[in-house]
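Following this line, the structures themselves.
In the two assemblies presented below, subunit A is common to both, partnered first by subunit B and then by subunit C.
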Partner chain A sequence: MKSNKYKVHGTLRSWLCLLPSFIIIGLIVVFPIVYTGYISLTNMNIYHWFDFTVIGLENYMKALTVFDGGFLQALALTVLWTAVNMLFQLVIAFVMASLLNTPRLRLRRLYKTVLMFPWAMPGYVSILLWKNGMFNSQFGLLNQWLDRLGMEPVQWLAGDTVAFVACLVVNLWLALPFMIMIMDGAMQSIDRSYYESALLDGAGWFRRSISLTIPAIRPIIAPAVIITVFTTFKQFDVIYLLTQQVGAKTGANIHTVLTYAYENAFVTSNYGYSSAISIFIFVLLIVFTMVTNLRKGGRKHAENP
Partner chain B sequence: MRRILTAAVAALIMTATLSACSGNEADHGQPDTDGGSAPVQLTIWHDKEDAVAAVLQAELDKLKPEVAVTLEKKNGLTEALKMVGNDPNAAPDMYFFAHDKLGVYAEMGILTPVTEFVDAETLGGFLPMTTQAATYKEEIYQLPIYFETLLFMYNRALMPDEEVPATTEDLLAFMKATTGNGQYGFVEQHSTAYYSAGWIHGFGGEIISSDGIPQLNSDKTVAALEYHLNFARLMTGESEYATVNTLFMEGKAAATIGGPWLVPTVREAGIDLGLAPMPVVNETGLPIAPYSGVQGLHVLKVAADNPQKNAAIKTVLNQLLGPDIGVAMAAASGCAPASAACYEMDAVKNDEMVMMMREVAENAVPMPNIPEMDVMWNATSNMLVDINMRKADVRESADKAQKQAEDLIASMQ
Partner chain C sequence: MRKTLERVGLALLNIFFIVICFVVIIPILYAFSVSLNASNSILGSDFSFIPKQFTLNNYRAVFVDQPVLLWLGNTLILAVSSVAVSLFAAIPAAYSLSRFRFAGRTKIVNTMTMLYSFPAILSMFAIYKLLSPMGLINTRLGLVIVYIGTMAVFGVLNLKGYFDSVPAEIEEAAKIDGANAGQTVAWILLPLAKPAVIVTGVMVLIYVWNEYIYAITFMTGADHYTLAAGLYSLQATEMSGSWPVFAAASIVVSLPILVIFFLTQKHMTSGLTAGGVKG
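What follows is the complex of A and B.
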């Protein structure tokens, strides 16, 4: 009886402690989503800016027209963009983190600081530096090198494929520090004695990585991977600033879901309509999360029957 | 002890969060309305460089002590006005900005026509192009102060005065003769709507009609795009601001079309800069006619509805009707005054750049101020990129862009 009372009291206290966080999350996460949902049901646009009224699902009907061939193409490209980015990020970050964890490595802290550098810079600045400093066909470093080698200049951001690769490189440059840091931290948490026994058993680097390092770090890096999948999926800055910025378009026609929605809806200043599209994209992301979680849950189930 | 501490921290966070959200209206206090001798405080938002703001401030300081005007530089002015334009506690009383957004704000209902404060006939003393820019649905919503438009600039070391092209065919011949080996005869932001508009106007075409119908695939626009492609082929692949201007400033391009804001830096770079009238399109006999942007004061409705401020606003606008402000702006920052009287004065007459803008203004087309224009920049740029950079068919690209523009305009409603 006494323990039951204590339990109730404990539960109440836990909820009370959580209350401030709930309120903050409610205000900064839940409220904007609910409000966007409300605006999507109104005719809030520049002709009804302060006197908007609820018009039902009209905006959603209209939003469906944005989901045309161009949108599906953008969706496919977004999935490809996310997959390729994740593949490169995981492989490169794993190799870099392994190298950072080489026993008796000198200047380890210096390397880590240098590797963190891209993360410390504001993304907007980094992206424009890459655009003008590296990829510019007249003054960029890459074409200056080609020029020295006696080769023709290349329009790095003009063709679809070459621009996709350029965007990929810049995104990797921006995103790798985070992944390296997480992997490095995860690797340092592995007990050294496992490696010692593996070495005694004669396992090489590759075998140790496959059978020891990867299984050991997987649960630790999983949340970071999920977060990165989403930030990559909804990446806007890199592709927009490198290739699509109005007044500085480069000729590449690569669109992610978000740049496509921006060009075909958000520029209209029709908040009702844009909100409806945002809600659609929100639902898309929720579905994407559920699919990812289902797969993860399924695997766990298989591993621990 | 620990429990108490946890509870205290939780309570503190909650209070802080809630109080942060409750807003602080006291910060935006109204001026003293008890009618005493205290000056009426007016706030003007702007996004201009310091030299321009200082001239305006100096002119308005003459109204002290009755009216005290504060100029407030506001980043993201256009978006901020959308958010707080009808909130008497947060909105400014006036704002100083280009004319091209006034249609949006007029539709939103946050502007009052300036003719409520100044005599409409007095506005006849302004260049017609500037008052045309300030007019939306037959109401004048802006008191024009100065305007900007593009200029034909050349580097005398690479293009002697006698070779300055009078026609577009002359320009093309010059480009063919001088482009190659990292040098360019002429560069411009060929795939940007703002710069290409001049060529489209030179063919009698337009990007959007005054009643909001896109004109991207009209025969005149298509003819301009086809002709302009001959020039774009002889320019750099990139078309953005930094590349084009750097080429000109480093002496790698003989001529360019650029804004007056470029002139000081070009002169600093040691270029012997010449300014010339826009070349005339051979086929039509019309000069390249760029867009112009007219900068001036707009009055917010929330301020006009306040009786005390209403009188002060009238004082402010009437103070700016004379030529003084225009002459001072021209001297301080090379701005071309909106008031026609300024061009009779020696200080302005002797300024080559300002007088050249005055000449271009004869043909310049004010950027459309209708809300529909907001979506045209992107649709037009996409079309130009397709044609000039992706080598797509001109007519097909124009049709595609026209469709996109029509869809976007339909989506605005």
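What follows is the complex of A and C.
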């Protein structure tokens, strides 16, 4: 009897503690998502701001059937964007972290501090500095250098491919410090004596990396890598600020799913269609989350049977 | 022989890192040097990273010609209220999810993990449509509501993850000594979880400081801008003419964040990784 009373009291207390957060999350996070779901079933746009009607799944059909310049193209580009970014990030961060862990590298701390700068700077400021300082076709540093070499200036953000590469470079510049730091931390946790015996066995850097470093750091860096896959997939700032700013588009027609959804809501005012895309992306992200959680759970289970 | 080889290798590695470090900070260095350069030689080809004629005029222009102090005030009001409300709501919720066992607890944590993957930008239009009949568009209150909502799930999950890593035994001991739940949290758990509380607060602060897309979409008129929205407007309207001023403004806006980052960097790793989420 007494324990039961304690339990009821405990449950009540638990929920009371949760209440402020629940009100905030319910009203400002969940309700707008539900409302987005509702808008996605209507024809709401600039002409139908108040007198919109429910049109069923039409917006979803449109999103799934049009490829050129549509949602599917943006989705394909986002997948490519994520894959290329992750490949470069993992390889470059691994090499940099390995080099930083070279024994007797005295200035290691100084190099690390400088390499952290892109992470420490406010992201949007860095992106705008890249846009105005590096890529600007007239006074950007890159074209100044080309000019000095006697070459023609390049419109860095105008063509699709060149703009994609420019966005990739900026995103790597922004994201690598975090990945280097994670890998560096993981490498420092490896017992030095393993390396000594590997060296005695005459294993070179490549051999040591494949058979020792990578297997050792993999479980440690896995959560950070998964998080980075998500943030790269959800990347908005780099592509929007470099190429798609409202009123200052550079001419490159590259969209990730997020910039595409924003464009349809606040530029072309297809509110219903944009909401359908938002719901799509949300469902995709939920599926990703469940798959990664499942795999995590499965691995845990395998490790401790 | 082997020692000389090793020394040469180390020297080469040091040169490599010095070059890399320089290349990495070129965009920042370039903006910094342009902001201090008096001779408007940015269009010429004789540019160097060390300003030929030193000036602070661009910085003066930032503070005198642009309402930067007003934007700073707006940003600080938004940031302080967002951090306060976020922590006030997140600490008890995280404590409850970490320490109490009750029906539905796992479901709540799982639902929050799902919600965390939802990018705030996707429900921006719905929020606009909901806030506009309430007269909250183009007001600070409207933005604070959005910011608190955006960081709410992060705050709870990040703090919960860290609370989980703090052993409950110490709290049990305090309880036996007669402390109630509130006292236990205030005097035992929070001091132990200081890195996570600091990092969570700092992440909310940095988020508000850096958030521009809601600020430019919901706010009209330079009086209402935050620093981020103001900086955005500086580059979008006067592309070529004000690049040195824009560079100076970028440095001014970044400095506080750089200071906060390097002050809290020590806590960043432990305060963030324990929660398993990144802001």
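Quick notes on this one:
Just so we're on the same page, the second predicted complex is superposed on the first by the 207 of 305 C-alpha atoms of A that agree within 3 Å, B and C clash if a C-alpha of one lies under 4 Å from a C-alpha of the other, contacts with A are read in each partner's own complex, and residues count from 1 in each chain.
Everything that follows uses one rule, which is that a contact is a pair of C-beta atoms (placed from the backbone, for glycine too) under 8 Å apart; a residue touches a chain by one contact, two chains touch by 3 or more.
Just so you know, these numbers come straight off a predicted model, no measurement behind them.
In the superposition on chain A, contact is made by A:Tyr273 with subunit B only, not with subunit C. Contacts of A:Asn45 after superposition on the shared chain: subunit B is touched, whereas subunit C is not.
In the superposition on chain A, A:Arg207 makes contact with neither subunit B nor subunit C. Once chain A of one complex is fitted onto chain A of the other, the partner contacts of A:Arg218 are absent, as it touches neither subunit B nor subunit C.
Shared-chain residue A:Arg13: touches subunit B and subunit C both.
Using the contact criterion defined above for the overlaid structures, shared-chain residue A:Lys249 touches subunit B, although it does not reach subunit C.
In the superposition on chain A, A:Phe139 makes contact with both subunit B and subunit C.
Residue by residue along subunit A, subunit B and subunit C are tallied for touches, and C comes out ahead. Of the two partner chains placed by the overlay, only subunit B lies in contact with A:Lys62; subunit C stays clear of it. The interface of subunit A with subunit B overlaps its interface with subunit C at residues 13, 17, 20, 24, 27, 132, 136, 138-139, 245, 247-248, 265. On the side of subunit B, the complex with subunit A involves touching residues 3, 6-7, 10, 13-14, 17-18, 21, 82, 86, 104, 107-110, 189, 191-192, 194, 236-243, 246-247, 371, 374-375, 377-378, 381-382, 385, 389-390, 404, 407-408, 411-413.
By the touch criterion stated above, subunit C contacts subunit A in their complex at residues 10, 13-14, 16-17, 20-21, 24-28, 30-31, 34, 42-43, 45, 47, 85, 88-90, 92-93, 95-97, 100, 102-103, 105, 108, 112-115, 117-119, 121-127, 129-130, 145-146, 148-150, 152-153, 155-156, 181, 206, 209-210, 212-213, 217, 228, 231-232, 235-236, 239-240, 243, 246-247, 250, 253-254, 257-258, 261-262, 265, 269, 273, 276-278. On the subunit A side of its complex with subunit C, the touching residues are 10-11, 13-15, 17-18, 20-22, 24-25, 27-33, 35-36, 39, 96, 99, 102, 104-105, 107, 111, 113-126, 128-134, 136, 138-139, 141, 144, 147-148, 173, 178, 181, 185, 223-224, 227, 230-231, 234, 236, 240, 245, 247-248, 258, 261-262, 265-266, 271, 274-275, 278, 281-282, 285-286, 288-289, 293. Of all residues in subunit A, only 13, 16-17, 19-20, 23-24, 27, 45-47, 49-50, 62, 65, 132, 136-139, 155, 158, 245-251, 253, 263-265, 267-270, 273 touch subunit B in the complex they form.
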